[in-house]
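Take a look at the structures listed below.
You will see two complexes here that share subunit A, one where it goes with subunit B and one where it goes with subunit C.
For the complex of A and B:
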């Protein structure tokens, strides 16, 4: 039961992008097309899950004074794995995501979960939490990138969706679009959340 | 040479501002931009770390990683370790020189380690094959661009406190939208230097 709760937590209540607003750099930078969003999300989910498992396994071994450098090395190792893997098998995607794959190493989400959660609980709970957080991140940036691709290019996952009469709003795939779409989405999620909280208050 | 250096600095401060156009360093950009004084202090600390890191990354890449063929495997690990130690050094210096500033930075000073602007600049150096002087220019330009973005944002946010913002947009949401407008303004610099 606890494990399901840990998993769901990252999907909505403590969604890293929309609720906690951490790990924003990659969420803004790579979300110009829906494919990039999914790829980036899966890469981060892999690093997050593997490092959480390892940190959780080592939680009684790592002295608390040097824990942060230890976590960073664990995270850096798995980031190198993803980096080399993507470079070898998905060179086109790697080209687009650019430095944001190696930059997973400094993504606040990974270190925050290691420090705040994985270092305190058992492997099962740490895994559930990491998967939830990773998938929460993935759906969030996929949503952002779908909106940006739709408005900016009129396509979705590379397929034309908008009719011929549609004039693309180029700004959406340029940097300002990232900030504005993100701001509006965070605002919307705030609104939905407030509403549900109010509803439960009434009943 | 001087022209190229000028392009690197102007490029990273205005045209491809590291924060508003390359999206590096968003965490402190959102977190420390509440007050101008803290924002400028944070910007200066980051600029210092960035410049030092650029030098360190250059030497590490060209004299250790590349000659021994360790580049693909150890680049990320060794860069992050160098950055972490540099930040520790800056933290000790700031604590010694100005405890008030140290307290004002709060959690964000140790967080320079996980500020992707530092790691990002370090990774851009081997990617572009910059020499030592160009690396320093990149670090400095990135730092100045970061400080500029933070200072502008904090100025706007100080005024924003008196604005009547819709309830749902309060907090990070309105900061994102403001950043979007700021980023649009910075797009006006496009074409100021040749791309590359």
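For the complex of A and C:
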């Protein structure tokens, strides 16, 4: 099924963070605690899905010469809606993510999927792709933030998991930790992929 | 249809639709956002003035002062915001003060962006509780009157200086021993 293929694509093969390495600005900045990772991922998934659906619906209406401004307006609108609703109903979360939510507008995943995919296919495929990409981004940054939170604070989703003898490695939740953790993960995932390619290779 | 006219019309329609969606979301969420901000402020005022259950906001010269009242309407103390510049950005502090005795009731860090694990410890009880009962005549000199957090002298000094600066202004408005 094409739709399932489109959905799974973003989860692994073309994972935005680990495979395409786009949208990593937010992925590096917010991943200091696992809760932030999940919330940021879901917020991006929402914006990405809404804008992909709309871009796909309007693909025959929008003249190609003004398509970029049109996409940006659509993305900015959904982002501001998320921003306002999060501020009103999840103030604790907003305090942490507040400065990153408006940045979804310039997150290249959203514009890249609108331009490269949603503007060329029907609504069903665009939705599947957006959900796959969004959830691919979500699991990727949640994994990064879990590792960083565990090493840097000894907690996981805010619960203490390391014993009293554990000395937090503070660098992990500072900017350098983001680069180190992400670099190692990208390397590991490349290793796994290379291995599976070799296994299925029949000279 | 002329392609230029089409470009303009499409862009215009998308912009108008976007404006309408934004206006609607703003209308829906704004009362809740305002209420959240007010509740958060009230919560912090009541935390730094023990015994207070209500608050009243007044403007005195260039300071906004929050008066804490108990259930019978007795004034329990006043509080005000102090801002200092920390290691990574501004630090906002809510300070509770008893002008009759001239000492601090409690402080709470409202917002800060200090280094996690080091400067961020200014938020912890171990640091904030030492300001309780401090007299407005003290110097708030770090490492003498105020115990600094190890490895975070800048953050600790910023808090102490911010409180002292605002406190000096408040003492001019509410002289020690005077009435509320």
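General remarks:
The working rule: the second predicted complex is superposed on the first by the 201 of 203 C-alpha atoms of A that agree within 3 Å, B and C clash if a C-alpha of one lies under 4 Å from a C-alpha of the other, contacts with A are read in each partner's own complex, and residues count from 1 in each chain.
As a convention for this text, contacts are C-beta pairs under 8 Å (C-beta built on N, C-alpha and C of every residue); 3 or more make two chains touch, one makes a residue touch a chain.
Since the structure is predicted, the reported quantities are computational estimates derived from the model, not experimental observations.
Of the two partner chains placed around the shared chain by superposition, subunit C is the only one that A:88 touches, whereas subunit B remains out of contact. In the superposition on chain A, A:69 makes contact with both subunit B and subunit C.
Shared-chain residue A:174: touches subunit B and subunit C both. By the touch criterion stated above, A:77 is placed in contact with subunit B and with subunit C alike. Applying the stated contact rule after C-alpha superposition, one finds that A:105 touches subunit B and leaves subunit C untouched. Touch criterion not met for A:121: it reaches neither subunit B nor subunit C. In the overlay built on the shared chain, the residue A:29 is in contact with subunit B alone; subunit C does not reach it. In the superposition on chain A, contact is made by A:194 with subunit B only, not with subunit C. Counting the residues of subunit A that each partner touches, subunit B and subunit C differ, and the larger count belongs to B.
Common to the subunit B and subunit C contact sets on subunit A are residues 69, 73, 76-77, 80, 84, 174. Looking at the complex, you find that subunit A touches subunit B at residues 21-22, 24-26, 28-29, 68-69, 72-73, 76-77, 79-80, 83-84, 99, 102-103, 105-108, 111, 171, 174-180, 182-184, 186-188, 190-191, 194. Those residues of subunit C whose C-beta lies close enough to touch subunit A in the complex are 3, 6-7, 10-11, 14-15, 18, 21-22, 25-26, 28-30, 32-33, 36, 40, 111, 115-118. Of all residues in subunit A, those touching subunit C in their complex are 32, 58, 61-63, 65-66, 69-70, 73-74, 76-77, 80-81, 84-85, 87-89, 91, 95, 152-153, 168, 170, 173-174. In the complex of the two chains, the subunit B residues touching subunit A come out as 20-27, 30, 72-77, 80-81, 84, 113-116, 118-120, 123-124, 127, 166-181, 183-184, 186-187.
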